[in-house]
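Letters are used for the chains, namely A, B, C, D, E and F, taken in the order the chains are written, and counting of residues starts over at 1 for each.
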Amino acid sequence: MKDLSLDVLIERAEVLIEAMPYIRKHRDGLVVIKYGGAAMTTPELKQAVVKDVAMMQMIGILPIMVHGGGKEITELQNRLGEKTTFIDGQRVTDTAALDAAEMILSGRLNGELVAALNTSGARAVGISGKGGTLLRARALKTDAGLGFVGEVEQVDATILNVLTGNGFIPVVSPLGLGADGQTYNINADTAALRIATEVKARKLIFLSDIPGILRDRDDPGSVIGTIRRDEVEPMIAEGIIQGGMIPKARAAASALDACEKVHILDGRRPHSLLLELFTDEGIGTQIVR
Amino acid sequence: MKDLSLDVLIERAEVLIEAMPYIRKHRDGLVVIKYGGAAMTTPELKQAVVKDVAMMQMIGILPIMVHGGGKEITELQNRLGEKTTFIDGQRVTDTAALDAAEMILSGRLNGELVAALNTSGARAVGISGKGGTLLRARALKTDAGLGFVGEVEQVDATILNVLTGNGFIPVVSPLGLGADGQTYNINADTAALRIATEVKARKLIFLSDIPGILRDRDDPGSVIGTIRRDEVEPMIAEGIIQGGMIPKARAAASALDACEKVHILDGRRPHSLLLELFTDEGIGTQIVR
Amino acid sequence: MKDLSLDVLIERAEVLIEAMPYIRKHRDGLVVIKYGGAAMTTPELKQAVVKDVAMMQMIGILPIMVHGGGKEITELQNRLGEKTTFIDGQRVTDTAALDAAEMILSGRLNGELVAALNTSGARAVGISGKGGTLLRARALKTDAGLGFVGEVEQVDATILNVLTGNGFIPVVSPLGLGADGQTYNINADTAALRIATEVKARKLIFLSDIPGILRDRDDPGSVIGTIRRDEVEPMIAEGIIQGGMIPKARAAASALDACEKVHILDGRRPHSLLLELFTDEGIGTQIVR
Amino acid sequence: MKDLSLDVLIERAEVLIEAMPYIRKHRDGLVVIKYGGAAMTTPELKQAVVKDVAMMQMIGILPIMVHGGGKEITELQNRLGEKTTFIDGQRVTDTAALDAAEMILSGRLNGELVAALNTSGARAVGISGKGGTLLRARALKTDAGLGFVGEVEQVDATILNVLTGNGFIPVVSPLGLGADGQTYNINADTAALRIATEVKARKLIFLSDIPGILRDRDDPGSVIGTIRRDEVEPMIAEGIIQGGMIPKARAAASALDACEKVHILDGRRPHSLLLELFTDEGIGTQIVR
Amino acid sequence: MKDLSLDVLIERAEVLIEAMPYIRKHRDGLVVIKYGGAAMTTPELKQAVVKDVAMMQMIGILPIMVHGGGKEITELQNRLGEKTTFIDGQRVTDTAALDAAEMILSGRLNGELVAALNTSGARAVGISGKGGTLLRARALKTDAGLGFVGEVEQVDATILNVLTGNGFIPVVSPLGLGADGQTYNINADTAALRIATEVKARKLIFLSDIPGILRDRDDPGSVIGTIRRDEVEPMIAEGIIQGGMIPKARAAASALDACEKVHILDGRRPHSLLLELFTDEGIGTQIVR
Amino acid sequence: MKDLSLDVLIERAEVLIEAMPYIRKHRDGLVVIKYGGAAMTTPELKQAVVKDVAMMQMIGILPIMVHGGGKEITELQNRLGEKTTFIDGQRVTDTAALDAAEMILSGRLNGELVAALNTSGARAVGISGKGGTLLRARALKTDAGLGFVGEVEQVDATILNVLTGNGFIPVVSPLGLGADGQTYNINADTAALRIATEVKARKLIFLSDIPGILRDRDDPGSVIGTIRRDEVEPMIAEGIIQGGMIPKARAAASALDACEKVHILDGRRPHSLLLELFTDEGIGTQIVR
């Protein structure tokens, strides 16, 4: 706020004052943010997300981040000359793929997020889902042989409660630990959902690559603002919710047992997290009980 | 934040983001605010002060308000047909004047402030300086017979720590309690100073009727931004600090044993509290160690 | 205990020893005391009440005082030349009456009680029912236009628990705060009742101007010692409980959902609080489940 | 307080009220009471002591009792046909004597005291000085062979702090534990002194068989009310303090490093503990810094 | 671990490592141990029990010991020339017998156990069942006149929770306190059972003089490893459980409302406590839900 | 402990009993373990180290692990076709090398250790030194251009205290965070040293590839058991301490301001951690004050 006229400053003070009821409404609330896709690609968008999350912590919200990282894993495997196979969009995870996934997720991407958050004035700690056995996993039951793709057997949120309770933002890479010591690669959406349910997060937010759920999928302006939980299945039947949005919408619906609201926000729009939190109408699509 | 275009909203989000370092800097800090004079006269200014204080609490600052109320006491005494006498600007406080002071301070003004704060979303509790024997007082030693004008003998800040520690803003009317049970009227500036010292407030802020300490008292634009503690006496000697500002400046200097900074702000300017807290240069005059 | 022979002292020690089972019985119990009427008129009675309450705190009871103050309000309005109107015994409370009520209740009477308690060795803090939004109020629904006479919409006892939990006696003036920021004047009996219910006080004591509920209202010696809750309505029907005692008795009955006992004591008798607490039979009338 | 006229009851209430400043003065203070000798002999005196100690706990004082028991040990040894030998008033403690001492001290007398206290409404727990290694001991260094008479090497007051901090009166039998597991019999005065010093008791009270320290030892009315610490040695030199009182007085003086006051009270007078605590002048002799 | 070759040391380290899952399984669990009979007779067995209990505390188990002491009481009464009478194996407890019991139990045996535990590196505190009114008792209702043999009316485990919660092993002598202040002698098995039930101990262990419950009472090798609760009565009907084992087995069954398991171990075998805790099969007989 | 004869079991119980004094000595003590080199190479050694650390946690020690990982980084860079340069044994860390280091350290190795610990029954959480800004770093000042090799500017051990205080073993990868958001690669020995100093660890243990400091470097049997801090420089001067051991020995000496002891253990010997902790003489070399 440098070199600004007093009038501008007073106007800005009023913006802060107007934010007050939203701060009051959200503070002390746990918010789980699934971060991935487009919002993770450009430095500008990363910075905007990181600043929004830092701001959330500053005003008393308790964020938990869960991040993905598919493209970078493939990229690393390519550089290492390893073959990558996908079945129905899911990576077949052999030992090499698992090693690449862990290096990218827990090594590069997690480290990058934690560095950016802590440099923006937040207090963040990166952990993998194996830490404190947060995500107890087993091999995903499926006909296709997906290798070390795991499903979550049990969530022990102790480490998350310890971190949020002591003023840290947990940044979680979606790896799970089998009872036999095997590491599993977990789908980040699922990890976020299971974590949000276990910690009874007030909100679960998916930062995705679309503006929300669209009434007409060819019209980005046709975002549906609010969907009630019991409208999800009919909308799938009607074909309004389709493709990759189907599991996301069903996940959202099931999360509502524990969470108040689930949001699908456009991660490509700067500050979409703050816009959701600091406006009455919110943005994107919210799914409610 | 209704009916605004997305661009305006994003701009506003950025105003919040810019406020972040200031929030981080001030949070968890105790700030004692002496509130009186002009800032207490118009409904608009009152609203602006109340919202600023509520905002301070919202973002984790711990405010303590101490208010005055000279004019209203005289007014009530006039309506009751009681004679009011002043010696050197100090009210001669007989039993009738003391009764009027307590009714105005602890009754009307304190109640009005608490109502406004709690309606603005803050959590405030009004107490008098007699509550929890916060201000142990005795008759002011002076040649003039000022009656029940008191000086502070001892401050027991337990009640303030209990209130701030439990999320309440204490709003204190400046009355003191003698060891013999006698009530005394205490100067609000002094009460604020003694309280700020006892609680080791990070800041003591006087909301006054001037823009700050002026280098040229005829030029309101000549506000001195920062005065070092050891410059106070020389500036008094030079006549730069003069009149009613002398005791205030000396009080500020003495408060610096316990407080980091003392501020003299223009209570007639809307949101001067937020402007002080959320800009690098601040506004008004600050007195520092 | 000065200048007394050893025999007298030993006898006095035995009085203390005899008090022991009563101390054990009552300690750590919350007791809400409605204080008003005759017990508030003479300095001697005030002193006796104050000392009893201080003694209660000393031995580990947690008292909460709620005081009234009708006569003084009228008196102040008379001195200010304001007209006072009553409908069915209730003050029609226009802005002027509300201002007078707040000045008398939160200013003069509350301040006087707090000063007396703290000088008697207790640790008391005066607050109004607006503090911490203890009493959320709205305009009393009634055919008569009573102005700013309020009814209690909701009680937030946080501030009372904070004060009693930290060793302070809350002294509450019966004002309430509307959601829109309007102040309301609340009937002190009702305020005490609602507070006692919310904090689940062990006892609610009305210090009144009669010896208790009388079997024969012309015979002050016909005090009924104990009334079971389900006897209240029949006794109203029979005309034993009548007049101003009817709402008090019904209030008592309804308080028994949360409180163990409700007492109607003669505030004109010195130390009636201690006599109630430190005898097996108690004094006045108790209403029990 | 049954069947008493109201006037008597009011008078009694006033006795309680007069006790208030003393309660305030002593509450939360740790008081170590050495209990032995005559005060332990008759059932009436025992009852009076027990009730005084129970009363102390009731009003918020934290008592710790240390008891002796010489005569009963001798008596038991006599019944068992064991020979008892004393050198300079100290029991020569062979294995048989030690066994008798432990049975009497930790078995009979401690159990009796705990039963009486808990039946009087106090909450007491009996422990030996070996519990929690409260008293680490070694053989007393002396020319005479005293066997298992011990001296205190170190005090670990953890167990006492745990008990007083949780609302229990510790009742301690004066046995100590050697590093090698050997039990030692400790002089009860010494045990009380070392404990009082370690817990920084506000008061250490010796309930003894004399009215206090006498100016003229043939005149029981010549009790010296107060002795300053630095007067002790001169009074020994002058022969005013003599015989068995010499070690007690020196112990008292040394305890004043940690304790505010040490008292020598006449345990033969009923309620001497309460008389000491609830009068300005106190009774017996107090030794002060 | 002195003067051992490295190979032996490494082997020993592996024994520790193998103990790890058992430590994890039992830590933080309350275990009530009834200690008496043969295990209390030889110094070697005493040492082994004490070391086992100390080890339990060291690795995070919370033991509570309850001890008996029948033979020593009779022995003391014999030495004192007092007559001892038993009806159906229960001591007729007149005043003399009660005095002897308290001296032996709370004096000699309790003191001995506490000394041994504290010398083995444990932190133990001896109390009687009268301490903190742990065991509220009344005269046992029976046709035979057993005098001061008591039955447990109520258990107040506050003192046990305070001690275990602060790192102490409570060592309890089985005496109870009547409402009238009378001391009662309580059967140690019963005391242990009632205590285990009240504290909801994970395990209740009887250290007895037999290898466990035998299928063929003439074959010490026929120990039944596990008995389900509902098998107890049939096994009594069949005569497999008989004699003194009947009340013990029924007690065990009734304890299973609160405890997970009850064990009957051979106190004559060294380290039977550790063997039970650190093997999968355990030793002796366990009675389970 | 299956299928073992009772005699063997009793012998094993005695091994546990003998471990008791060592458990008592070390419990609640913070121990920082630098893990790297040979001990990290074979699966058997890894298992032994992991089990030792898990055992330490089980018996109440608070371990913190800091791991290195040089060879794997080079290996990954080789596979990626990146050139690796070393100056004086230090990796020249360009962006590619830093990325490889973070992937190996925070991704692969940290994840592997956490998985092994949590599967062994410990509760461990992996973090990087950037988490909670544990290691604030800047570019190492050196003549050689080492790129993003960092030196520790400041340690904020909050996250470590939070984790150990809540029952987790922190497993730290040695990365640091610059004030500008840059990641730095930190030498693991240095990271362990700085962390041990900041948390005031009781012990700092280097698991290295040598048996300890040797008097004769050609004789692995000439390990020096104990070196006093002031002997370090003379031994360097004499050439006894030489080569890579010089910085390690100096680091050890400087850590002794905060730590009681620093150990250099042979990570190639199984269970060297337990052998150090559970023997009087310990193994390897200890450096003491």
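Descriptive notes on the structure:
The rule is short, and it goes like this: a contact is a pair of C-beta atoms (placed from the backbone, for glycine too) under 8 Å apart; a residue touches a chain by one contact, two chains touch by 3 or more.
Remember, predicted model here, so these are calculated numbers, not experimental data.
Using the contact threshold fixed earlier, the set of chains in contact with both chain A and chain E is F. Ranking all chains by how far their C-alpha centres lie from the centre of chain A, first place goes to D. With chains reduced to the mean position of their C-alpha atoms, the one farthest from chain B is E. Inter-chain centre distance (chain B to chain C, centres taken as mean C-alpha positions): 34 Å.
Per-chain CA centroids place chain A at a distance of 67 Å from chain D. Distance between chain A and chain B, defined via averaged C-alpha coordinates, is recorded as 45 Å.
Each chain gets one centre point, the mean of its Cα atoms, and the points for chain C and chain E are 55 Å apart. Not a single residue in chain C touches at least two other chains. Arrangement of the chains shown, judged by which pairs touch: one closed cycle in which each chain has exactly two touching partners. The touching chains form a single ring; listed from chain A in the chain F direction they are A, F, E, D, C, B. Chain B contributes residues 76, 79-80, 99, 102-108, 110-111, 114-116, 118-119, 123-128, 130-133, 158-159, 162-163, 166, 168, 175, 177, 179-183 to its touches with chain C in the complex.
Residues 1-2, 6, 9-10, 12-21, 23-24, 27, 51-52, 54-55, 58-60, 120-121, 269-271, 274-275, 278-280, 283 of chain D are the ones touching chain C in the complex.
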